[in-house]
Amino acid sequence: MAVQKLKIACAGLGRMGKRHALHFLNRTPRAELVAASTPDEVELAWARTNLEPFGVRLYKDYDEMLKHEGLEAVVIASATIVHAEQAIKGIEANLHVLCEKPLSVTVEGSQSVVDAAKKKPHLKVMCGFSRRFDDSYRDAYNKMDTGLIGRPSVFRSQTCDKLDASGFFVAYAEFSGGIFVDCSIHDIDLALWFFGQDSHVKSVVASGITAVQPELAKHKDVDNGVGIVEFYGGQIAYLFCSRMMAAGQDDATEIIGTEGKLTVNAQPSSNLVNIYEPTGIRREIPAHYYGRFEQAFVNEANEFTSCCLEDLKLPMKLTGAVQAVKIGCALQESLNSGKKIYFDEVGRRIEKSQL
Amino acid sequence: MAVQKLKIACAGLGRMGKRHALHFLNRTPRAELVAASTPDEVELAWARTNLEPFGVRLYKDYDEMLKHEGLEAVVIASATIVHAEQAIKGIEANLHVLCEKPLSVTVEGSQSVVDAAKKKPHLKVMCGFSRRFDDSYRDAYNKMDTGLIGRPSVFRSQTCDKLDASGFFVAYAEFSGGIFVDCSIHDIDLALWFFGQDSHVKSVVASGITAVQPELAKHKDVDNGVGIVEFYGGQIAYLFCSRMMAAGQDDATEIIGTEGKLTVNAQPSSNLVNIYEPTGIRREIPAHYYGRFEQAFVNEANEFTSCCLEDLKLPMKLTGAVQAVKIGCALQESLNSGKKIYFDEVGRRIEKSQL
Amino acid sequence: MAVQKLKIACAGLGRMGKRHALHFLNRTPRAELVAASTPDEVELAWARTNLEPFGVRLYKDYDEMLKHEGLEAVVIASATIVHAEQAIKGIEANLHVLCEKPLSVTVEGSQSVVDAAKKKPHLKVMCGFSRRFDDSYRDAYNKMDTGLIGRPSVFRSQTCDKLDASGFFVAYAEFSGGIFVDCSIHDIDLALWFFGQDSHVKSVVASGITAVQPELAKHKDVDNGVGIVEFYGGQIAYLFCSRMMAAGQDDATEIIGTEGKLTVNAQPSSNLVNIYEPTGIRREIPAHYYGRFEQAFVNEANEFTSCCLEDLKLPMKLTGAVQAVKIGCALQESLNSGKKIYFDEVGRRIEKSQL
Amino acid sequence: MAVQKLKIACAGLGRMGKRHALHFLNRTPRAELVAASTPDEVELAWARTNLEPFGVRLYKDYDEMLKHEGLEAVVIASATIVHAEQAIKGIEANLHVLCEKPLSVTVEGSQSVVDAAKKKPHLKVMCGFSRRFDDSYRDAYNKMDTGLIGRPSVFRSQTCDKLDASGFFVAYAEFSGGIFVDCSIHDIDLALWFFGQDSHVKSVVASGITAVQPELAKHKDVDNGVGIVEFYGGQIAYLFCSRMMAAGQDDATEIIGTEGKLTVNAQPSSNLVNIYEPTGIRREIPAHYYGRFEQAFVNEANEFTSCCLEDLKLPMKLTGAVQAVKIGCALQESLNSGKKIYFDEVGRRIEKSQL
């Protein structure tokens, strides 16, 4: 059997790392998960049971793993803070790289990955914006692309996590870059997708509150934020992000065009079951992001693999990931300063009086 | 002011009687409720507060009320058992008659009203199948009528009441004619409407269970029934009726045509509110029939009034009400005998061996 | 018959005026429409056919109508530009006043009505924010009020009109006060209702585009706008208004609380019909505002009437209508200046540097 | 790497055969597709491109394939007419067998597989009722099983295929066993699942029409059928099957219990996209059965594999597949005879007069 499989390693075996590892192990027929790394003993123990018996070599050290013989690609699902560094090392080791979002919580950090990737144009380097691989978002995009709704003009999108009373989000906020960088980054990326990868941001403004987790203030973060992003060319995105959705993960998007509108997940549901009971009719919704986007992650793994194996163009530009972080950081800044932030047509910050 | 109003009286002031009286009093601009009758003291007391101050003359005796000076029409909302008798008396008193469904729980009783009406062709005599006046059913009918779904071929409809643990339905079953005559009559009438008023029944068969109210057996009734009605011409209606819906009134209809399908109320809801809470997303549904069809009853009152005042054709034939009872009684009989019942093309009962 | 009815007149017989007149004539049992006024000959002709035969006296002159003998109340549905003037005259004539929204397109104009009303505390003076009388909004409010969703924290609401290619909205924009004053005023009023009538605005910021009607620019207006309104006390409303919804009137609201979320009309629909056809499953939605809120207007007429007759407290304060205009105007200003606008806790404009 | 994989072969490479083969090849980590067979040259050509390069040995002859070294299991997706024969041969060759539904279009044929399986109790022999592996059906079942809806009492289920004007269904009807055996078999199996595998059928009755394909009559089949199945113990299933759904695959189920109701797919949808356009709001639905149940087939492959590898109990009894065919055949007979069919408590046909 002469079928070529992509030899890939997984960096990081936390919540998302485990999932990526298993997707490449079991649900990506053209890939072969050959290695995984984590410095964490608990994660390693998990890997000894769930990965090692299937031929996956385990490493405690990322750098060591990069030397794994025959390795062709790496998926990076470690802590956000090391995304950029590990991605650059992977690139320098001549590996294709699929890096979890965001590349970095700073624009500079994100740009450094783009710079490294530019030097190795034969490599596939992708930031894992999972929604781009979701069947519903793709269907909406394709419908828009055929002109079904005319010119897309206004974009509404929200990423709302289930309320977690444990305080998890407070600790998490220390390194997440803030809610607009951590959550809204998905919506921003979608806006850039639907409005066109080369859309130029004109202004951002944001507001937020700490309705349930006042401790977030110490990390300059909020549990509910709204923002408006204006683009040159006359398009507007407005965003909502929240950490206090009672019912579960509530991510929805609307694309309003001059001749129609598309919605994605405006009526969330876990599955096709409705429950009729004395209090009414009820449906459940996914508790977490993965419950909504599991298949998108699997699609992502498979497409990334195909692009590597067949030297195909990736479905999105890496530079878009920098744009998304830039907009997310500006929203977070506006949230904290209370001021609107303006950009000129080449993306430089300007004062309103200069306009 | 020379505007003519229809002088109408209301017979019976029970649950539906009160509603009809108030509809004609307050929500039917072209009608004037001039009288109401009930032998019941409690109902009379209600009427003294709610009708009399607005100029409605109260009667204990129906026959007396028929002599009310200038009376032009009567709406009959008394106990089912006296529907036919009161309707005939109204007709004989030269009054237009709007009679609550069913005309009678027997075919003969129903036919006697038709016979009386035939002798007074100038009068408007209508059986109040409220769903015919519901905006959604009308919209569905009109869409079908324009050919949107091709030829209507299969018809599914259900009338499901909210579970009432009080035992009300057991007592009620003694005089209701049974669940197929009381509930499914609406669905049967809809089938006759959508398939055409002159559709001829070919066979009926029904089954049922007493899932929550075994005492219904003493009245030869059930709390859940299903039935199939075949029509000559190749059309089929299948029906479900229930007295144990936990969530509330759950009445739904599907009309399946050769080129499309229409549904009415397949996703019941009290209003436009959705509640997101830790157990999921919930909407409430009406607890009772009137919660679903209130506006239809008001429309009915207004249209009946217009037909009387302007001598317009009623929206449905009175003979249809006999057909509906005939089919409902046959379903109830089949439910009890366990046998399928056959009719020839002119509506006579036949044995299968004769076919 | 000693039942008292409220003698009311209707000022203006344009699109909404006709509706108000007919609601008070036919669908408000405790009111008697005794007069109507309009300077417009076409509207008068309509009234001669539709109102005069039912005892409604017609006037060409509003001031004359105010002298109609026995008149107790007036509903003002004339052009927005004369709302305030007519409301004040009505108050001065000792009439209860129900004035279509907005009281005026300026804060000062709106305040002048409040000032006039203060001098006649025995009169009922109400600005007709129809959604306050909508069953679904009321149900949502009541559910929130019982604590079902915890503390309301984020409020999303949109008013989106069906695309009208005729250019109507361009001409209309000259006097409408702009899209935030004309459309979003409803959403702003809802925010004040759900967050509490005494919420104090902290800042507003808005953006907009002319996606289909570039001529709106000459009236400093847009066809799509988004805005964020911050309130002191840690609550945020974010709004969307549009004049280019392809499918029809698309008004939706979400109230996000610390323990749950309520949505109103997130899945718009004209009625309960679904159409299954080769292209999928379709439902229709109302083409216009009235299609969505007809019953709310009728409720409004009936409740206003009851409040007048029984000297009951109105369901909302008149001062709220000034607040709503103030916020709407500030959003419209922000839209045009591109700047965020700040208020101190007593509602005075401040510069950000002062905060 | 010592991980054991189940060596499985696929018999038949038609529409479903290709899918099963690919599921076992790519989406069933614990299985290894080692062989496939088909006598059809076109199918073989497909297999040479899509299976052979991945190490799958191809056979023209089923019997030859059964001798494939190390083979442990076979999935049978050939023409229905050879299901039973091939299943029995597989069993006799000491292979685990996953056989596409139905085992046979006759009760006797189906029973012969059960008889063969009984002789080899160490083998896993399963009829592939895919809906048993669907997440939504499982969720509904589990909710029912925990008592959420009380005692399940009435069961409504429909299998409705998209209208296919090509005449495919006419040719297909020659060997399909008829619409109740081919389509409703799924619904019958679901009824047996939800009511309990050991439910005993008491009576069946069915009606049908040929609304769009009159040629079906020559195969004693219809394009729309409805049926009622009574069970001993007081439970009723009523069914609808159709070959003329305009919008696409429309399979829905309701389980009505004494304390609640569960619906599965009552609001079908391809994905989470809604399209707002001038004609209203639209969603698409799957065109075919596989569009609705793809993931269920994958789950089926994985669970069957696990049961074989770990000697686990299969999720359903093989005898249920005989019951389902028995009920399906009886419904088809009733459809054609126009008569109701009765069974005694041990499953023997009786005349009504004997009851």
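Each chain carries a letter (A, B, C and D) given by its place in the written order, and its residues are counted from 1.
Assume contacts are C-beta pairs under 8 Å (C-beta built on N, C-alpha and C of every residue); 3 or more make two chains touch, one makes a residue touch a chain.
Chain-to-protein mapping (UniProt): A, B, C, D = Scyllo-inositol 2-dehydrogenase (NAD(+)).
This structure is a prediction, so every number in the text was calculated from the model and none was measured.
Q: For the two copies chain D and chain B, is the contact made of the same residues on each side, with over half of the numbers shared, or of different residues?
A: Copies use mostly the same positions to touch.
Q: Could you work out which pair in C-D, A-B or B-D copies the interface of A-C, where over half of the contact pairs coincide by residue number?
A: Of the listed options, the interface copy of A-C is B-D.
Q: What is the chain whose Cα centroid lies farthest from the Cα centroid of chain C?
A: Using the mean of the C-alpha atoms as each chain's centre, the farthest one from chain C is D.
Q: Report the inter-chain centroid distance for chain C and chain D in whole angstrom, where each centroid is the mean of the CA atoms.
A: Once rounded, the distance between the two centres reads 56 Å.
Q: So the centre of each chain is just the mean of its C-alpha atoms; given that, what is the distance between chain A and chain D in Å?
A: Each chain reduced to its C-alpha mean, chain A and chain D end up 39 Å apart.
Q: Counting only residues that touch at least 2 other chains, which ones in chain B make the list?
A: 149, 245-247, 250, 259-261, 266-268, 270, 275-278
Q: For chain A, which residues count as touching chain D in their complex?
A: Per the touch definition, chain A meets chain D at residues 1-3, 25-27, 29, 53-55, 135-136, 139-140, 143, 148-149, 259-268, 270-278.
Q: Would you mind writing out the residues of chain C in touch with chain A in their complex?
A: For this pair, the touching residues of chain C are 149, 151, 153-154, 156, 163, 203, 205, 207-212, 224, 226-228, 230, 234-236, 238, 240, 242, 244-247, 250, 256-261, 266-267, 338-340, 352, 355.
Q: Going by the contact rule at the top, pick out the chain B residues touching chain A in the complex.
A: 245-248, 250, 268-270, 275-285
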